[in-house]
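The structures come next, written out as structure tokens.
Heads up, the next two complexes both have chain A, just with different partners, chain B and then chain C.
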Partner chain A sequence: MDAITTQKKLNSEEIFAILKGFITEVIGEEFVEDMDISRESSFTRDLEMDSIEIVSFSEKVKAHFGEHIDFTGWLSGMDLDQLINLTLDHIIKYIESCQSSK
Partner chain B sequence: MARFAFIVPPLTGHVNPTLSLGAELLQRGHRVAWISLDASLITRLPKYGELLLVEYDQDDADKKNSEEYLDQITKKNVSGIESIKFLYEDVLIPLNRFMFDGILTQLENFKPDVVINDHQLFAGAIAAYKRRIPYATSVTAPAAIKMMDDLPGVHEWEMKQITGLQQELGIPGDKGIVCSEALTMVFTSKDFFGDMRLPGFYRFVGPVIRNRSVISGFNWERFNSMKQPRILVSIGTTFDHCYKKEFFGKVIEAFADEALSVVVVSDEQLFEKWPDNFIVSERVPQLELLPHLDAVVCHGGHNTVSETLLHGLPLVVIPIAYDQSHVAGRVVSAGSGIRLNYRRFKANHLKDAVYGVLQDPSYKIAAELIQRSFEEAGGAAAAATMLEELISRHESYGVPGSQAFYRNRFYH
Partner chain C sequence: MPVIKVNNRSVHIQEFNKGARETVLLVHGMFSNLSVYYFNIAPILAQHFHVLMYDMKSHGMSEKCPDGYDLDSMSDDLFDLMNAMHLKSVYLAGYSFGGLVALKTAMRYPERVKKLAIIEAPDPNDDETRGIMEIYSKEFLVDYINNYTDTTRMRMGKRQLDKNHKMYEYLFNETSIKADMNNERSFFASPFIDQIPHDTLLIYGKDSNCLSSGRKLYHRIPRSKLVLIEGDHNVPIQQPAETGQRLKDFFTGWQIKIKQINHRLWHALRL
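And then the complex of A and B:
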């Protein structure tokens, strides 16, 4: 897993690209080809990820952004409804907010 | 001789381990009863086991038809995390609310020394707690505990549903009491369950499996004549909906005319014709079959996975809902199988995965390691001894019964 080596702030497009890469790693490239992954995609309904897939996605996010954001803590705070409705956009906004508070 | 009462939901996977454990207790000379909504359970109980049916006067307008709960879970098509919401809101909480009064009545009738509540039969623990009867909890779907680590927010949400019910039924406070702090038996091994820090009252006793009932009508002659390798494909008893057709359609596409034999647990009528290398039966003698199989494809139900690993066989797991995703996660972490996504997998993925676990010996070796850990965990005998100790622990206080236990719960 690549660690971020610079403190450079990422814009939302860059964050989206990184997250999309993680989704591809979790669910497999051939499936992603058939999917239209957008910022509005929800993990449960649109991407049809089950709980273990969401957990392994979050581990990748944590490994990548680990030093800069408390992603696991943020995700842990979510209740069931929030998790069901979780979209890529929510995560992008959260990462952005962490960057801007540095 | 003591009296033990199991309180179980009408779900096969949750009932089966209690039948084995109950048989062991009966053999030791105890009286053992099962409190359930399901009248057909009587046919599956071990000899001398007693059924205490939760039933209500039909005129009682407040009590809904119990069949509704039995049906809900088999008819509904839910998957992923949303299934957990459905499970609690539409099945478990109403089911427990419904059963509570009937459980209290049966506890008064039978006067058990120890109650064993299923971890999803919250009302069983609540009733025992209120009547100050010592209780142990049987965790028949251990992967659910993993939720605490994997998705703590979801675990908290679950606890909130449970404590809400506790309050409604007369136990104030926000502390969950449904997993007994005296003894919570987890029906798997620590090796399979994986690393997780848990309080000492969680005891890993391994899967408890017994030759349950004779299943007639399976065509053994034909099975024995079929070529090897042989695999079993089963998605359990809870998913009896139209999606079975889609699922088994992919199974047919993957394995029709392949150089292996496929035992399918399904209604034969699902398709007009099955491939020649398939043997299809609505009920199969799974435990008798396992020694003659090479791999199992299943939905990640805890019992089927446990039974398969207990025979040292590798798995392909396709979790559909509830805790199955976590069970599948454990299978993969242990190196004993491959998981596929129920929504996304296609026939070629299933085919590749099955040949993968058949041809790469590492899966079988890993399965055999888990097999050993299961055998060492003690099983029904160990669990029965723990339950007996619960009585002596509780009696040794010398106070009439449950008062001492009640204190013990908080101070041991």
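And then the complex of A and C:
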């Protein structure tokens, strides 16, 4: 799944589904079953992802959306509080903004 | 997830700015992983350098290994990784235990290191580090994490607590890490520390309980500079931008000087 570079513009629901799939791959289906993953879910508080899992998630996002987004660059501009409070919705909006500026 | 085989073992690596001519190699601390650099420090260094990060054995997403946690073995791991990546020499930085690994690598393979940066490396003779291993229990981990979360504002839920507990239990009960660390108690007494030839940057937190180790190294390593940053032992997490910038300025220092000299020469020749 993460080896394909997306060419067509995706809407936010499609991006959400892709990101949800990445989270499942990273933390495992058995944990995801008990979680209610929504656009408002935060990575550290709600999904309980640690930093190495967020690295893994970031790699999947980069591999999937390819050169159209500078995901690591975007994350590196955040301070610790912003990273802690990062939600799926923030990422969806970022990917959407990259798609529309193509 | 980029995983390469080094000596038949899987090593998780991450790279930024692969096209750059020179490489900065970053070594994380014990019980940590490469993510300590990935989000903030590595991108700053990647403005100039190819940046290579890796997870040490049994850490992060690298393969588990029952032995070889002494500094000779850990520096051999780093040396073998450099060979596997075809890196002749690198700018080397290590944090905490990774700082000791970087120091040992510079002592054993000086020609493979251009400059050395050590962040918060502890004296292995300090009782605190070894005490952690002796009295480890899940209750201890809860206390340890509460302290860590206080100073870094990171939170940890039940799944993370269990995950960390498993890693600590594996390392403490199924590997040679305790004995290997115990055997390194006299590392700071090594006369080779006084002979480190590299420009060396020592970064320590102003409130760190490792600061005395930083001062010891500063007085021992001939070409060293000690820089203090606001924070404690967790400075790379507390002050990632300043840590990254300090490293970048240190590693690019001579390049900027040579560029300035070239610039002046070029101007002089034109006149």
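List of remarks:
One rule holds in what follows: the second predicted complex is superposed on the first by the 96 of 102 C-alpha atoms of A that agree within 3 Å, B and C clash if a C-alpha of one lies under 4 Å from a C-alpha of the other, contacts with A are read in each partner's own complex, and residues count from 1 in each chain.
Convention: a contact is a pair of C-beta atoms (placed from the backbone, for glycine too) under 8 Å apart; a residue touches a chain by one contact, two chains touch by 3 or more.
What you see is a predicted model; the values in this text were computed from it and never measured.
In this superposed model built on chain A, chain B and chain C take up the same space, so to speak, and clash.
In the superposed model, A:54 lies in contact with both chain B and chain C.
Once the two complexes are laid over each other on the shared chain, residue contacts for A:82 go to chain B alone; chain C is not touched. Contacts of A:37 after superposition: neither chain B nor chain C is touched. Applying the stated contact rule after C-alpha superposition, one finds that A:98 touches neither chain B nor chain C. The superposed model puts chain C in the path of chain B at one of 62-70, 80-88, 98-106 or 350-358, which is 80-88.
In the superposition on chain A, the residues of chain A contacted by chain B and by chain C overlap at 27, 31, 44-45, 48, 50-52, 54-55, 75-76, 78, 80-81, 83-84. Residues 1-2, 14, 16, 33-36, 38-40, 43-44, 55, 60-61, 152-160, 163, 237-238, 240 of chain C are the ones touching chain A in the complex.
Listing the residues of chain A that touch chain C in their complex gives 27, 31, 44-45, 48, 50-52, 54-56, 58-59, 72-73, 75-76, 78, 80-81, 83-84. Those residues of chain A that touch chain B in the shared complex are 27, 31, 44-45, 48-55, 75-84. The part of chain B that touches chain A in the complex is made up of residues 79-82, 84-85, 147, 150-154, 156-158, 319, 325-326, 328-329, 339, 341-344.
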